[in-house]
Structures are given as structure tokens and as C-alpha cells.
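Each of the next two complexes has chain A plus one other chain: chain B in the first, chain C in the second.
Now for the complex of A and B:
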């Protein structure tokens, strides 16, 4: 109880400091608006919103304010994806793909206003659930993480890359792992962190400092999106919106258990390293369909289905920030972009992070969700107008934004070459169904993995048992091995036989 | 197996071969990094377990093994049989043209124009070329847009390759002329098209706002500060406008 009170008083202080600062509102309103716009426009994503704003605000304004801009855009973009899902049957972001299943039938049935009102409320409540979990669990985990040393960090980084590769693959799981390995390989470029030995620099001095995170993020997330989106597309007929966009309190009360369950699922999925809001939305939707008494109505305009996915994808944001702040391992692709912002501000998320930053993040999340709720209810019609803008109009502007953002962070033309190179590679990887998130997570965690892996071996004098002799390390090693073995065909067949014998 | 999966497996065949070649190349390059306690300038470096080569070695070995696994999967799925057929790899001439023209536009914008030409001018040309070229999906417009960027970018690249020459303005003028001609042609062709009519405004306003926000709002470096247009903006900001509120 005392722990909770201490947490709440700390949060109260951070919240008050934010509320009394007039600049907070400027950054918040602009970033949430931009975030909803990015989410609402099919072809732009939440990751892209956070990435571009990282390039724009990352190291140009104090971190306190850039965090407002980035988190505001993150919260807004995940919510904004629901607009085209409901009105056009096209998910604005991958996170809101499950929302389209029930949102569009509802809109076609003349209940579009009600659907938007409910998604706004569900997103608001979902964000708050995720934020509450962040406030409580981040501290518990921080206390535990004090006992985490180099072997555990190395295994955790590997687990994050493997898990992200496993869960984000649309096609074969090994493609996710290959993507993660390419990211890790990219992180090896430059001077190594322990001996300053140059690696793969090919005599080019720019490469000595390694690949910068922001150009890689921009290249991996923005350039393929631009190449893919630059095509003539006829947007479907937008469903005429009937009714006012208001929260249906009776439905909210009725489906409160669903909202609570989806919030918990979303937070849990978000807390898994590298797994994003889209997975959270689908998992929650799938669970809802299985356990609900109205499961047969899912996909035909069910309010419960709509609430299941939309609460979970926003709750995932708070969850995704837990591993980021506690361990320095991003919980989702937009959190990876956020990690980039921390990196260029020389903040190292993990057990040594300044507690004031965590409390500020929580306070910003609460304020961002309130701003999103108000904007969702009162300015929805503006976003519906924005939806009509064709991709070929806004994507060239995104390219200009990406270029100037990438240039200004590092201040060099070489960063632009890097961005373009990574962008073309990422486009071909997308074409062959390789997930990009594991690559980015590999680039971000590569340095940590390299340093902690070698430090562990150095401490143990080259004894590999250091990765299995400590309790937490042993658990993590087992998880890593289980993840790899679960994809080996012979092991899969053996498990299948075992299951058949016990069934 | 459906057609899409079959195409993917054929692409995986080539992808696996490329990954194998890459991992072998980088394994070979990793051999340059001392692994077994190398000797540098008379000082013996660390043991194998602390070598800078140990992690990259593991990464590229794992990549090599996974690329073999991918190759096996693709061959078993018939990817090798289809590998040399255009249909097998899902070759689509329209899509290839679309990608190639976008690739040319982005390459010449980033490599040729951004370092050497005024940012407002080159970004205006980029916005005009991309929107005009790809709105409506006309092949001729895509090629024309790519040619416009290739002409300006190629000229800037060829004429002013070394950094010492990036401040020259002849490439700025060429870009401006090409931009004006392309805009005029676009407005003539797309008289009845609302989107195309809006492009010139967007192409001017968006880069000007962005570059001004970055340079004067965030006080950050922007590409080519001495460019034709930005030089004037910067001059009037500091000499004409700023004294108004400073005094």
C-alpha cells in the first residue's frame, strides 16, 4: 500500500508540473493531432509518425518536451487508425486491422457515429489501463532488474530479437530471424565497444561511428512506405456518417469486463519485446471471440468485437514502454523509434534510468490520452476530411520531412545515403515478406548484445556456462532455446506425436 | 500451394543465394579482425572470447545456416524450378517500371540534388514530380518525372561532384527551370484535376515551411544553406525581419 501511495504521489508531482506548463499543451495538441492524422491516413503508420517526429524533435528541444511530442503522436496514431477501418474498411495502421472487422459493418448499418464514439472511449480507457500498468510494473521490474548483469542482458537482447522475429513474421519464422540477424550485423559496423577495433568500415571514416539510429529508422520505416504507397489508388466510397460521435455509456458499462480483459491482454502483449499493437489487437479480438457469449456475432458488427481490438491496441502502448524503460528493449516498433529519441539524447533506458523520466512518461501518457479523447469526440469530422487526401499528395511531403529530419539529426549527407540504402533494402525485404521490426530492433540492441555478451565471457574467463549458472540467466537461456527449438521440424514433429499420444 | 506462396518461394530461392553470398563475404571480412589473441604494434590483444570478431562471427555463421535452411525450404517447394522464369518470380512490367522510376527519383534527389541544390527548389521539384508522375498511374508521366529528376540530379552530380563545388548555383537555376516547365506542363495536362491543380501550392509551401521551421525554429543545420532561395530567406530573416522584434 505504501509502495502504491509513493508511486501515486510521485506521479502527482510529475503530472502537476506538466499541467501548469503552458508549453505542454502546445506540444500535446499539435502532436496528438499529427498522430491521429498519420494514423488516419492509410499508408502512414504510428511507427512512421514517431520516427519522423524523432527526426524533427529528437535532439532539438529539451527531452521533456520531445517526449510529449513523441508520446502524443504515438497515442494519437494508434487511435487514428480506427477512422479508415470504420469508414472505409481499410485499416489506417496494422494495429487497427481487427477494428475493421466490426467497425465497417457497424458503419454500413448506420451506426458509424456510435462506432467512432466507442473506439474513442475504448482507446482512452485502454491507454489508461496500459499507463497504470506502466506506473506499477515498471517499478517492480526496476527493483528486480537491479540483479540483472551482463549475461542476463545479452540473453534478454537475444530473446527480444528472436521473439520479435518469431511473432512478426507473416511468412516463415526464419525470415524474422534473418531480419533480426541483419539488424544485428548492421550494429556491428564501426568501432567495437570494448577494444575499439574497427569492423567493416571499408576505410570510410563515417563508418567508424557505426550506423546512426535515426537514418536507419527513417530508411526502414519511411522509404518502403513511400515506394509502396506511390501508386494510383481509388479510395472506396466512404460510409456516410450518421449520428453524433458520442461515447455510448450504456454499452461501455455493459462491456466493462471486455474492456478490462482487453486492456490487460493489450498491456501483456505490449510488454513482450518487439511485439506491436497489431498483434495485441488480433490476440484480444481472438480471445474475445472465443470467450464471449456473443462470439458468433464477431465480424458482423459486434460492439464487443470492436471494443476488444481497440482497447487492446491502445493498452499495448503502456505495455510496450515497460521493457523499454526497464531494460532498454523496445516493446513495439514505435517504441523502437522512441528508443532512438532516447539514444540521441544520451539517455540509456534500463535499471539506471532517472526515475523522474519514468514519472514524466506516465504523466504525459495520461495527458495524451485525455487530449486524444477530447479531439476524438470534437474534431472527428476534420480527420474524416483528411481521409480523402490521396496518398500521392502526402507521401512526397513525407519524403521531404524524412530527408530534412534525417539530415538534421546527424548533420551529414552520409546519413541520407544510409537512409536511402536501408530504405531500398527494406523495400525488397517487405516484398519478400521479411518483417522489418526485428531488423530495427537488431540495430538498436546489437551494441548492447555485443558488449554484454563479451563482457560476460571476459568476466568468466571464456567459460560459456556463465549463461546458465545464474538463475535468471538460466531461465532466459531456456526461453531462447525453446524459441529456437520450437521451429525445428524434427522437434515440431516429436511434439506433435507426443500431443497425439496424450490426446 | 497458392500462386502467391509459389512466387514467394521462388523469390526466397534467389534471396537465400544472395544471403549466402553476403554471409560468406562478411565471414571472410571478419577474418581480418584478430580472433586468437592477435598482435598489434607489439601488444598482444585479448583472448578469443573477448575478441571483436567473436559476435560478428556468430552472427554471420547463423545467417549462413539460416540462408541454407531457407534455400532448402524454397527448393522443396519448387522455387528452384521456377527461378529463371519471369512468371515464377512474379515479374510485373508495370510494377517494375513504377519501382524503377521511383528509385531513380529518390536516388537523384538524395545523392544528386539535396547536397548541391537549394533545398526548397529540389524538394519542390520532387513533390511535383512524384505527385504528377504517380497520380493516375500513367506510365508516360512516371518516365517524364524520373527524367526531370535524373536530368537535374545527374547534372548537379556530374558538374559539381566534389564538396568544394557544392555552393555553385548553375544547378540551382537548372532545377528551377525544370521545375517551372514540369509544373506548367502538369497544369496544362491536368486542367480538370483538382489534385494536380493543388500541387504547385503544396510544392512551394511545404518545403519553405519545413526548412524555415528547422533553420529558424529549431536552429538546426539544413542542407545547402547557400542555395539560391534559402540564402535569400536567411538574409531577409536576419536583416529585415528579426530586427523588427529584436528592437
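Now for the complex of A and C:
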């Protein structure tokens, strides 16, 4: 109890400092607006919004303010994706794909205003649930993380790459792992972290510092999105919006259990390393469909279905920040971009991160969700106008912004070649249905894995048992093995048989 | 004569005129840029931002601080500034860690390419986790002598200032630890708190908060003087082991530099502004709160400090087999 009180008072202090600073509002309003716009425009994602802002703001303005801009855009973009989902039946971001299932039928039935009002409220509550979880769990985990040394970190990093590969694949899980391993290999380039030996640099001094995170992020997330968007124009018929955009309080009250459940699911999925809002939305939607008494109405314009996905994807944000802040392992692709922002500011998220930063992040999240809520209710018409902008107009602009952002981080012209190179590879990987997020997670966590794995062996004198003899490490090792074995055909069959016998 | 040609000639005349005027202008007449070779928010970056803000007060122009990071040992930034004209309008913000850039293959100049200004650095000390069985440096060294090469010791990457300090204490005390490199000081300190390593060598500025928080136990300063930290006196390792002065102290040297080939006028103006800035209360206050020792050395004196650091770092790295270029081929002398 006392712990909770200190937490709340710490948060209060950070919140107050934020509220009284007029600069806060400038960054917040602009970034939330930008975020919603990015989310609402099909083809532009939350990851892209945070990535581009990282390029622009990352090392130009103090971290305190760039965090406002990045988190504001993150919260806004995840919410903004619901507009085209409901009005056009085209998800603005992958995160709101599940929202379209019920949102579009509602809009066609003339309840679009009500649907938007509900998603706005659900996103608001969802963000707050995720943020509350962040405030509480970050501290519990920080206490635990004092016992996390190199072997545990190595296994966690590996788990993050594997899990991201497993859950982000569209068809074959192995494709996600291949993507993750490519990222892992890319992370090996540069001066090796233990012995300062150059690896895979081919005598080129640019390569000595390895692949920089921001150009890789831009290349992996922005370039393929833009090419894809230009090639396949999605034209939906905008549903005429009837009714005012107001939260239907009766529905909110009635579906409060659904909202709470979805919030918890979203936060949990977010906390898994490298798995983002899109998975959260679908998982919550799936769970809702199974447990709800009105499950058969899902997909035909069910308010409950709408609330399930839209609460979860926003709750995911707070969840995704938990492993990022405590362990330096991003919980979602946009969090990977945030990690990039921390890195260029020389802040290493982890057990010794300044607690003030965590409190500030929580305070920003709360303020950002309020801003999003107000904007959603009062300026929704503007976003609907933005929806009418054709992709041929905004995609080239985004490409220019991406290029400037990537260049301005400070690595010189070579960063642009890297961005384009990664971008084209990523585009063809997309075509072959290889997920890109595991690659980026691999680049970010690969260095951590390499360093901590070899350091563990250095300290243990080459004894591999160090990964099994420590309690936390043993659990993580078991998780990793289970994840790999679950995809081996013979094991799969054996499990199938077992299940058959007991059923 | 066509109007195009007229324009061209006018432009040429104007350009020559401006050029002539520029040559006659006194330094500095336009803004100065300082390119810091390490990332924003780090020690070298914040020190440069502070000292540049102070120096601005004594110069008629502003100084912009930017970051040019990457390469090996900050070589991207060094090369960037090297390629700018040596007119004193582009300075480089650097630290002692940059002296290895040449032997690691990042660029091909000896460090006396620069005319450095040293703001200061934070002294290194040796600490153990709070629950460590060792309470003095002697106990730790005796344990290491009993089982050489088994006690893991954290310091940031091979060839860093902290690693060199660890090597110096090993040589001076005749003990051998198991060196475990970390990417920077913070992860090494985390590892000590988590019990992964049994001792850590980093600077006082980096450890102060952890010592005050009771998470690390300081054993000895690696400088000739003892220090007061969190109400207790930390003895100097020099008083414990004779002959340490042969290897120590190796202090951080954080500051900035201008091309050594810059004119005397440039060096003079910068030196004067630097002296005034170093003497200010702002610098003293900052050093006090952040556990830094102010140096204020510049020019020849600072070049000598950097040259000692350079030969120490270069040959240590060569012994470790981590050099790309033979230091002797660059004209770096053995320490």
C-alpha cells in the first residue's frame, strides 16, 4: 500500500511539472494531431509516425520534450487507425484491422457517429489501463530486474526475437524466425562489443559503428509501406456519417467488463517482446467472440466487438513500454522506434534508468490520452476530411520526410544508402510474406544477445550450464525451447496425438 | 555584352570583395560550430554544451553545438572536423577516448593534429557490490592473488580509460582479475549490483549516485588524493600500494579542440575565452555537483597530456591485440 502511495505521489509530481509547462501543450497537440492523421491515412502506420518523429526530434530537442512528441504520436496513431476502419472498411493501421469487422457494419447501418464516439472512449480508457499497468508493473519488475544478469538478458533477447517471429508471421512461423535471424546477423556488423574487433566491415570505416537503428527502422518500416501504397491504391467508399460523435455512456457502462478484459489482454500482449497492437486487437477480438454471450453477433455490427479490439490496441501501448523501460526490450514495433530515440540520446533503458524518466513517460501517456479523447470528440470532422486526401499526394511527402529524418540523425549520406538498401530488401520480403518487425527486433536485440551471451560464457569460463543453473535463466531457457519445439513437426504431431487421447 | 555576362562579372567582383573583407575581419566574425564526436546527453556532450555557453559570453558570436557520432572511437566526428577549414569556425568536442581512433583504423592522424582545450574529468575509483565480502582494497587484491584470473572485474570496453585504470591497478598491486568488458560504465555498474562481477572500475561522476544509494561500496580512489563520498573517506590506492604512481593516475580529459594548423590569432582568442569560462562560478558549481575535477589546460600543456594518454592507450591496445595500425608507424612513442 505504501509502495502504491509513493508511486502515486511521484506520478503526481511529474504530472504537475508537465501540466504547468506551456511547451508541453505545443508538442502534445501537434504530435497527437499528427499521430491521428498518420493513423487515419491508410498506408501510414503508428510505427512510421513514431519512427519519422524520432528522426526529426530524437536528438534535436531535449529528451523530455521529444518523449512528449513521440508518445503523443504513438497514442494518436493507434487511435486514428479506427477512422478508415469504420468509415471505409480499410484499416488505417494493422492495429485497427479488427475494428473494421464491426465498425463498418455499424457505419453502414447509420451508426457511424456512435461507433466513432465509442472507439474514442474505448481508446481513451484502454490507454489509461495500459498506463496504470505501466506505473505499477515497471516498479515491481525493476525490483526483480536487479537479479537479471547476462545469462538472463541473453535468453530474454533470444526469446524476444523468436516470439516476435512466431506471432508476427502471416503464414509460416519459420518465415518470422528467418526474418529475425537476418536482423540478428545484421546486428553482428561493426566493432564487436567485447573485444573491439571489427566484424564484417570489409575495411570500410562507416561499417565500424554497425548498422544504425534509425536508418534501419526507416528502411524497414517506411520504404516498403510507401512503395506498396503507391502500387496498390486502396479506394473505399466513404460511408456518409450520420449522428453526432458522442460517447454512448449507457453502452460504455453496460460493456464495462468487456472494456476491462480487453484492456488487460491488450496490456499483456503489449508486454510480450516485439509483439504489437495488431496482435493485441485480434487476440482481444477473438477472446471477446468466444466468451461473450453475444458472440454470434461479432462481425455484424456488435458494439462489444468494436470495444474489444479498440480498447486492447490502445492498452497495448502501456504494456509495450514496460519491457522497454525495464529491460531495454521493445514490446512493439513503435516501441522499437522509441528505443531508437532513447539510444540517440545516450539513455540506456534498463534497471538503472532514471526513475524520473519513467514517471515522466507515465505522466505524458495520461496527458496524451486526454488530448486524444478531446480531439477525437471535437475535431473528428477534420480527420474525415484528411481521409479524402489521395495517397499519391501524401505518400511522396512522407518519403521526403523519411529521408530528411533519416539523414538528420547525423550519420551522413551513407545512412541514406543504408535506409534505401534495407527498404528494398524489406519490400521484397513483404512481397514474399516475410514479416519485417522481427528483423528490426533482431537488429535491436541482436547486439544485446551477442554481447550478453558471450559475456556469460566469458565469466563462466565457457561453461554452457550457466544458462540452466540460475533459476530465472532456467525458466527462460525452458520458454525458448518450448517455443522452438512447438514448431517442430514431430513434436507438433506428438502433442496432437496426446490431445486426441485426452479429448 | 549580354546581361548574363554582366551579372556574372558583378557577382565575381562582389565575391572577391566579400572575400577580401572577410580576410581583413577579426576572428571571430561569424558563428562557431562545435561538433561533438559522442552522442547527445553523454558526458562529453553536456560538458561541451556547458563550456560553449560560458565561452559565448566572452565572444562576440554564438557557438552552436552539434553531434557527429559514429565510426571507431569517434572517428566520424574527427574526420568531419578535419575536413573543415582550419579557420577556427569548426571545433571538435572530444575526450580521452578518441586517442585510439588512429590505431583502431578510424583515421590516419596522430593526436597532435589538434590543439586541445581540456575542461576536466572525473577521477576513477574501484568499487565492489554493497554485499561484497571485501571491505578494503588489500582484501580484494589478496583474494585475487590467491586465485589469479578468476575474480570478474567490470570496466567499459577494451582500451577505455577505465580498462586502463584496471590494468594499472593489476600491474601496480601484482594481482590479476578476469576483465569483463561492458558497453559503457552504466551496464558495468549494473552488473556489479546484480552480482555478475565482483568489482567495477568507473569514474566517481558515474558511481556517485549508486554509492550514495548504498548499492556500491567504494574501496579506493585511483588518484593520489583520498575523497569524501557520502560521508565516508575513500582512501587513495596510492597510499596502499607503493609504486602505483608509475602507472597512475590516468585521468579523463574531456574538452574540445581546434586544428593545430589554425592561426595564432584563432588560438589566442579561443584561449582567452576558455580561460575566462573556466574561471567562472558556473563551471566550479557544475564540477562540484557532478564530481568532476576542473583542468583548464590548453595548447601545448594539453597536447602533452593527450600525447601521454595516446601512447598509453595505443600500446595497451596493441598488447591486447586490438589495434589495426601499428602505433609506431604513426610516430606514437612508447610510454
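Brief remarks on what is shown
One rule holds for everything that comes next: the second predicted complex is superposed on the first by the 500 of 503 C-alpha atoms of A that agree within 3 Å, B and C clash if a C-alpha of one lies under 4 Å from a C-alpha of the other, contacts with A are read in each partner's own complex, and residues count from 1 in each chain.
Here is the rule we go by: a residue touches a chain if its C-beta (ideal position, glycine included) is under 8 Å from a C-beta of that chain, and two chains touch if they have at least 3 such contacts.
Everything numeric in this text was worked out from a predicted model, so none of it was measured.
When chain B and chain C are set side by side, the one touching more residues of chain A is B. In the superposition on chain A, contact of A:244 is made with neither chain B nor chain C.
In the overlay built on the shared chain, the residue A:492 is in contact with neither chain B nor chain C. Contacts of A:345 after superposition on the shared chain: chain C is touched, whereas chain B is not.
In the superposed model, A:300 makes contact with neither chain B nor chain C. By the touch criterion defined above, A:174 lies against chain B but remains apart from chain C after alignment on the C-alpha atoms of chain A.
In the superposed pair of complexes, A:209 makes contact with chain C only, with no contact to chain B. When both complexes are overlaid on chain A, the residue A:388 reaches neither chain B nor chain C. By the touch criterion defined above, A:195 reaches both chain B and chain C. Note: residues 194-195, 197, 411, 458 of chain A belong to the chain B contact set and to the chain C contact set alike, using the contact criterion stated above.
Across the interface of their complex, chain A is touched by residues 8, 11-12, 15, 19, 26, 29-30, 33-34, 45-56, 59-60, 62-63, 66-67, 69-70, 73, 98-99, 102-103, 106-107, 109-111, 114-115, 119, 123, 126-127, 130-131, 134-137, 195, 198-199, 202, 206-207, 210-211, 214, 218-223 of chain B. On chain A, the positions that touch chain B within their shared complex are 56, 60-61, 171-172, 174-175, 177-178, 181-182, 184-185, 188, 192, 194-195, 197, 199-200, 223, 226-227, 230-232, 390, 392-393, 395-397, 399-401, 403-404, 407-408, 411, 413, 416-417, 419-420, 423-424, 427, 431-433, 449-450, 453-454, 457-458, 461-462. Chain C contributes residues 38-42, 45, 66-72, 75-76, 104-107, 152, 157-159, 178, 180-184, 186-187, 189-191, 193-197, 210, 317, 322, 324 to its touches with chain A in the complex. Chain A makes touch with chain C in their complex at residues 59, 63, 146-150, 191, 193-198, 205-206, 208-209, 212, 344-348, 350-352, 410-412, 451, 455, 458-459.
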